[in-house]
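See below for the structure under consideration.
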Amino acid sequence: AAARDNVQVAGSSTVLPYASIVAEAFGENFDFPTPVVESGGSSAGLKRFCEGVGENTIDIANASRAIRDSEIEACAANGVTDIIEVRIGYDGIVFASQIDGPEFTAFEPSDWFNALAAELPVDGEIVANPNMTWADANADLPAVEIAAFIPGTKHGTREVFEEKVLLQGCEDTGAMEAFIASGMSEDDAEGACMAVRTDGKSVDIDGDYTETLARIDTNPNGLGVFGLAFYENNTDKLKVATMGGVEPTTETIASGDYPVSRPLFFYIKKAHIGVIPGLKEFAEFFVANEIAGPSGPLANYGLVSDPELADTQAKIANEETMSGAM
Amino acid sequence: MTDATTQTAESGRRTSSLYTLDARTRRRNAAETRFKFYGMAAVGVGLVFLVILLATIIRSGIPAFTQTSFDLPVVLEAEALDPNGNRDPADVSKVSTFGYNPLIDQALERLVAEHGIETEMSGADLRKMVSSGAAAQIRDTVIADPDLIGETVTFRVLASSRVDGYMKGRVTREDLARDKNLDAAHLDIVDVLSEEGGLARAFNWAFITGSDASESRPEQAGIGVSMLGSLFMMLVVLLLALPIGVAASIYLEEFAPKNRWTDLIEVNISNLAAVPSIVFGILGLAVFIQLVGLPQSAPLVGGLVLTLMTLPTIIISTRASLKAVPPSIRDAALGVGASKTQAVFHHVLPLAMPGILTGTIIGLAQALGETAPLLLIGMVGFVASNYPEGIAEGFLSPNSAMPAQIYEWAKRADPAYYERAWGGIIVLLLFLMTMNIIAIILRRRFERRW
Amino acid sequence: MPMTAQNVKNMPQNSKISARDVQVYYGENHAIKDVNVEIEDRTVTAFIGPSGCGKSTFLRCLNRMNDTIDVCRVEGAIELDGEDIYNKKVDPVQLRAKVGMVFQKPNPFPKSIYDNVAYGPKIHGLAKNKADLDEIVEKALRRGAIWDEVKDRLQAPGTGLSGGQQQRLCIARAVATEPEVLLMDEPCSALDPIATDQVEDLIDELRSQYSVVIVTHSMQQAARVSQKTAFFHLGNLVEYGETNQIFTNPKDPRTESYISGRIG
Amino acid sequence: MPMTAQNVKNMPQNSKISARDVQVYYGENHAIKDVNVEIEDRTVTAFIGPSGCGKSTFLRCLNRMNDTIDVCRVEGAIELDGEDIYNKKVDPVQLRAKVGMVFQKPNPFPKSIYDNVAYGPKIHGLAKNKADLDEIVEKALRRGAIWDEVKDRLQAPGTGLSGGQQQRLCIARAVATEPEVLLMDEPCSALDPIATDQVEDLIDELRSQYSVVIVTHSMQQAARVSQKTAFFHLGNLVEYGETNQIFTNPKDPRTESYISGRIG
Amino acid sequence: MPVLWIILIILALAAVGYVMGRQRALASAGGDSRILHSLPSYYGSSVAIFTLVFSLLVLVGWLTIQPIIVDNSVAAMIPDTAIPEASSRSLVMSDVRRVANGLDLAVTGGAISADEARAITTDNTDIRALLAQVGVALGSEVSAPVLEAAQSYRQTSATGQTMMTIAVLAVAIAGFAFAFLRTHKDFRARNVVETAVRYLLIVAASIAILTTIGIVLSLIFNTIEFFQRYPADDFFFGLIWSPSFGGGSQLGIIPLLWGTLYISFIALVVAVPIGIFAAVYLSEYASSRVRSFAKPLIEVLAGIPTIVYGLFALLTVGPLLLSVFGPDGTGWMGAASSVMTAGLVMGIMLIPFVSSLSDDIINAVPQSLRDGALGLGATKSETVKQVVLPAALPGIVGAILLAASRAIGETMIVVLGAGAAARLSLNPFEAMTTVTAKIVSQLTGDADFSSPEALVAFSLGMTLFVITLALNVLALYIVRKYREQYE
């Protein structure tokens, strides 16, 4: 087998756009070949990442969530012990409706919970969600049929949506306590908070944001969940909803005013540094200020840049591995 | 038969004229007409859907074939590009693409001023009109010829996707109201430039020949390199799947003893056809990359995976058409002393050819359009590399494939990519038709009734 | 004396089928030339002539089976009971129901023996019920002189029969639909003398009601079963007349040569 | 007197093919029962018998064409020049090159007439060059008594010929490979008397070097061309002997009945 | 000697063998090909085969084994101290290989001479720079042990290469000689060649088996792992499919299977009649001109990427159905994605699978059968329905099976057209999803890769595999039962 001379990256399709922007610029500015960035999901990326060390395994795994302990264990079992975790920034998650559709300017997480939960406590009793319009959930909202297009359970975004919106809303409305009061354990109550109704008011999207967009295009009342970058590229078709009164922008998200966002990561196999040409250079380039900084191309594209970028840069320079893996 | 019945039968017949249809025949003819009509309708339905689909594809994809660009005179300032002043390529290349942006900004400011447009925008703002690939384009030119430094060179740089969209009518001023990528003010400049020259929309060869670009610059993305990827994969598929498929079918249909074992193989093959294509990707990853150690993202591996996926299609159709060859043909050949092999290769196979070719056409079409298995062997994503140098590189160096490229584009956020995805589908279909044309002609050659 | 349209007109008016100036071409190949003939009702007409002279071709014209051959082109007029069978108004299906055919090469369907025979009666609605159909099938198989051989294996495929059995099966299949005219292309070619006898008896029996046209290479057979004989040669109808007369006193020298075994 | 393995042994030692206790089954159907026969070299042997009695089946055993029928099972021993043809070591291909066959149903390849005939010689390497091959083809077609009819259309498809022409084409195809034994299953069934004559002449000619087995339904033909005759009935070989003797003085009553036209 | 050269040499040898074998055979027959057992070309081919087959086998074997041996022997040389922490021997080896390759390149590129390459050390040369010159990028500076290993790697490889050349050529020549000497007029060359051909055919046929084994093996381990984490009962008999990241997912396969069968069924209900009618029309009624353009055009339907069909379902068919069956119409349909939407669109995609292949098979039914039926006074449609189609049945069933398989394996149309909801319902206007769609989505999702939610993809694949196997057995049985063999 001939020696591999390009950096091989795989993983989350949310990170893919950023990684590809960096890879492209890296290819243009360095003598190393352009890294190959595959999509395929965080799960598949990390799985291949953890398959072992060696040339026929990938060097970097992109992930839209932090690596799990069980994955770190699996990695270690295959000899991938030293992993450098790099947080590249944050991905804002926004809610948007058709440009010609109703305006949603008063969302709170509780509204989402009231609109989408499978079951709600009503007058102390747990009943199947009776809300048919957004106004039912919150009188300040337009009285249009609930038609939410939320990411399917395969998406990392769904997890964030469940935790930061539904669960939050559940706690805010006091439903959580009601659930516990009705005799559920805490875990079950959490599960109930995050259970989404299945009567067609909420539709899971297993595809990507383009699919959500297409569905909203054909449904005037539709409300979809998007990544900030996707929304910013489609402002001509989408109207963004505020959350807690804050409109999502890179700034509001970076400042933490807009609550729904998640960090994006990539993971470097330390053992490959020094063996795969350009690996370390690529990683350093990725988080360099001119790339990942607030005015770099990544931020331009919609990444919420990480305020602690300098730490990350230092981490790569020193090849600091994750403490958990040691 | 009694006399009575004959009589009636006979007299009944005598009166019936050929010119008038009796009730039963009329009924049967009506059934016949209906049947024929169903047939026509079926073909019609197929063709109508084809037309609808093609119309949709072409309507959405055609804009991808033109592209707007600026003619931008750039002053290649020596201080910025070659601080040491020795024109050494090694030194020149130390200036990264970011270093070129100011030059573009200045050039744009000058351009705007030349056309007498008043604007409050800074150079960096103006730069939103041109592709972010412009810097790389200029840098590449400079590194290739450092002596240009210090001169003013006119570059044809791509317009950004929004400007391009505006020229194509996809983007309107209202659309830009909330868009942070471009403002209506930019469009005023574009209007003037396109009237007075300096901005032109031309056929987009780069789309057909180019390689993928990152999400931030759809205007630069092309399908050329991935077309090569597909080409190399199809070569592998054709060179392996067709002979292996035909050979396997011949063995099973003509030579293999008919027993449980061959039944097992037969069922197995039909079953392979039902295996979801992504499972072949899992297999390919495990066998070709992890076990054999072939490189990732390589068209060779893609081709091998697609071969395995296409095999059942070819085998099933080949077997069906081998079966349809009348045994008397085999008897005839064996009777003059041909061996079984000769009988098969000389007589049966040519007669089965139409079916084999159909299987190949359909199998290749399927293989050409398949993305899922490529996902797992690393051919989907951002695999924008350069053109492979030479045949071996073509098989082994990382590349994408047309459907994977299209699939990726269709997912990307910038609407300009959506247009490219459809454009890519047009190219894919043209590629498919070119690929199939030989098979179709051959098939017509072999078609005969006996 | 060649047969022309003129003297055909003068023939007896008991005619079932009359062909006038029929020409058949296979692409460039002119296979049937100017054939005029009147085939009489309740008569057995034999077509004789050397191999390749156009007997089958002409026979296939009579029920428009040539329609299925792409390259084949038929000109001239053929009338059945005074009606032009090539007329647009004529439905070949109805025609073929009236004019049945036994092909030169036995072509049983890849179905059971029973289904082979039952096929025609079924599509023409000749049987009211299953019992009726069974009866029709048995009768046809008996007439085809094959009942005894196949009565125990009616459900076995017709393609698994011996050559001669297949031929008789095809005869049975054709008579099962009770056509008014039966065209038989060498129906006894694969039959042993006894079976041949039985088929000839069948033909004789059919003659009482129908008209039968038979192609045969056996002069004896032609002489035995037919009342009229037509002699074809190189696509021409050389001579047509009473079988007796043709065999004993042929008018055309070519006929004589053929009958006496001198031209082929 | 039934033929047993015993008295076969006592037959003249000029035998080309000898069959002993041959049984053939089509699935359950016992089609050939205990057949013992010695086919002599440089002799024409005729197989006669009523339709469906197993003539074709037995014939197909002699060059192992039955191998191609899945349901068909052959038992017993058949020897060609003293070698068991069903022996594992025997290559059926080589056997079939030696023992040629004309099938009952003409089955030309869907290729040109020329290619039909040239195919055998080509695969057996009988021609050194094109001219040689042309000559072989012409000779074969002449022997098949079809040359005159097809010489102008050698490139036309063999399937576009008339029934009798196809039959002769198949004969020509078989003789073109110059087999040592030629098995002909009713080769003249679709032929007119003159063509039949020519084929019979061919058979006679072949006899000087080869041995020929011919299945026929025509007693006259059997009497004319064959030296030996075997009479099959219901799968049994009833009687086998000099043609003369069989036709004039049959030993078995069944033979007599068949010849005189009483059983079928 | 480079492998390409070796191959060319044995190919040339084979070509020579072909000619010589042929001549020798002819000579032994005194130039008369008729005396030969087989055609002269078979003698030639048999020599060529003997020359090629075994030498190629040796070559392939050697090429697979040599790197392993060389790697092992060189790897053994590397001192443990030279292996950086957290790295592995295999990674160091890839560095070694890279350096060795680079040196080779440098030598062939003329940057250094062969002797220099052998003498080179880390002290006297900047190897990273040297190799960068010839286009081989290294990840880091080369350490002395690595260079040493690389040197020895080159050395051993070169020796191996030489030995291989000798061995392969020796085998080729031996094969050549063996076959050549055997060549004689009585030699059964055809049988030899045909045996070789037959083995080739068997190898081809066994690839299908190997693929199956491969698939089973690549699924089985993860499937087992899945069942260790998730109860098999719940998987096979569970009526609810609702994975979630946080664990506590319900992963019942039944709704997915139901969706698969339902959608495939509707797709086949669309594709099979249309396909067969189209095939019948094209082969029995259409003029050859119509046929010659209609057939390839319909085949284009099979080549349109499924994402287009998906979008077509999502944007066109779904809303269209909704306007008829939705709240404004009959009220059966709640949203545009439904089993019906996906089924219809998938059916369209499958038309050519049924039509084209059936058309070929129908065309292959001998004309004499049609004549037989027409001669009895059957209409064309009766002929087709009762004689031609039954005779073509095995092929048509094959085509339908192919279409069904494709329907089962399709994802894009399902995801976009049928929605992602796993549901057990009889209403075809509700959203459902299929096993395959879920395999893809769980495999490409963001879940923890060692969680049941991700592993379930493998057991879904495995289960689907077993189920389709059963369906295929059934299909085979049915075809056997109703098959009509013509002639």
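To keep things simple, chains are lettered A, B, C, D and E as they appear, and every chain counts its residues starting from 1.
Here, contacts are C-beta pairs under 8 Å (C-beta built on N, C-alpha and C of every residue); 3 or more make two chains touch, one makes a residue touch a chain.
All values derive from a computational prediction rather than experimental measurement.
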Both-way neighbours, i.e. chains that touch chain D and touch chain B: C, E
Chain at maximum distance from chain C, centres defined as averaged CA atoms: A
Most central chain, Cα average position: E
Pair joined by more contacting C-beta pairs (C-E or D-E): C-E
Centre-to-centre distance between chain B and chain A (centres being mean Cα positions), rounded to whole Å: 31
Centre-to-centre distance between chain E and chain A (centres being mean Cα positions), rounded to whole Å: 35
Chain C and chain D, separation of their C-alpha mean positions in angstrom: 29
Computed distance of Cα centres, chain D from chain A, in Å: 82
Residues of chain A engaged with two or more neighbouring chains: 1-2, 4, 13, 39-40, 44
Multi-chain contact sites of chain D, meaning residues that touch two or more partners: 93-94, 105, 123-124
Multi-partner residues of chain E (each touching 2 or more other chains): 190, 311, 366-367, 379, 382, 443-444, 485-487
Inter-chain touch pairs (all): A-B, A-E, B-C, B-D, B-E, C-D, C-E, D-E
Touching residues (chain side chain C, partner chain B) in the complex: 80-81, 83, 85, 87, 89-91, 93-95, 97-98, 123-125, 139, 178, 180, 209
Sites on chain C touched by chain D in the complex: 26, 29, 48-52, 54, 56-57, 104-106, 145, 149, 160-165, 167-168, 185-186, 189-198, 217, 219, 258, 261-264
Residue ranges of chain A in contact with chain E within the complex: 1-5, 12-13, 31-32, 39-44, 46-47, 50, 53-55, 63-65, 68, 70-71, 73-74, 79, 81-82, 152-156, 158-159, 162, 187, 190-191, 194, 198, 200, 203-207, 211, 214-215, 217-219, 270-280, 321
Complex contact set, residues of chain B against chain C: 1, 6, 9-10, 13, 17-19, 21-22, 24-25, 28-29, 32
Chain B contact footprint on chain D (complex, rising order): 63, 65, 68, 70, 92-94, 96-98, 100-103, 105, 107-110, 119-120, 123-124, 159, 170, 173-174, 176-177, 179
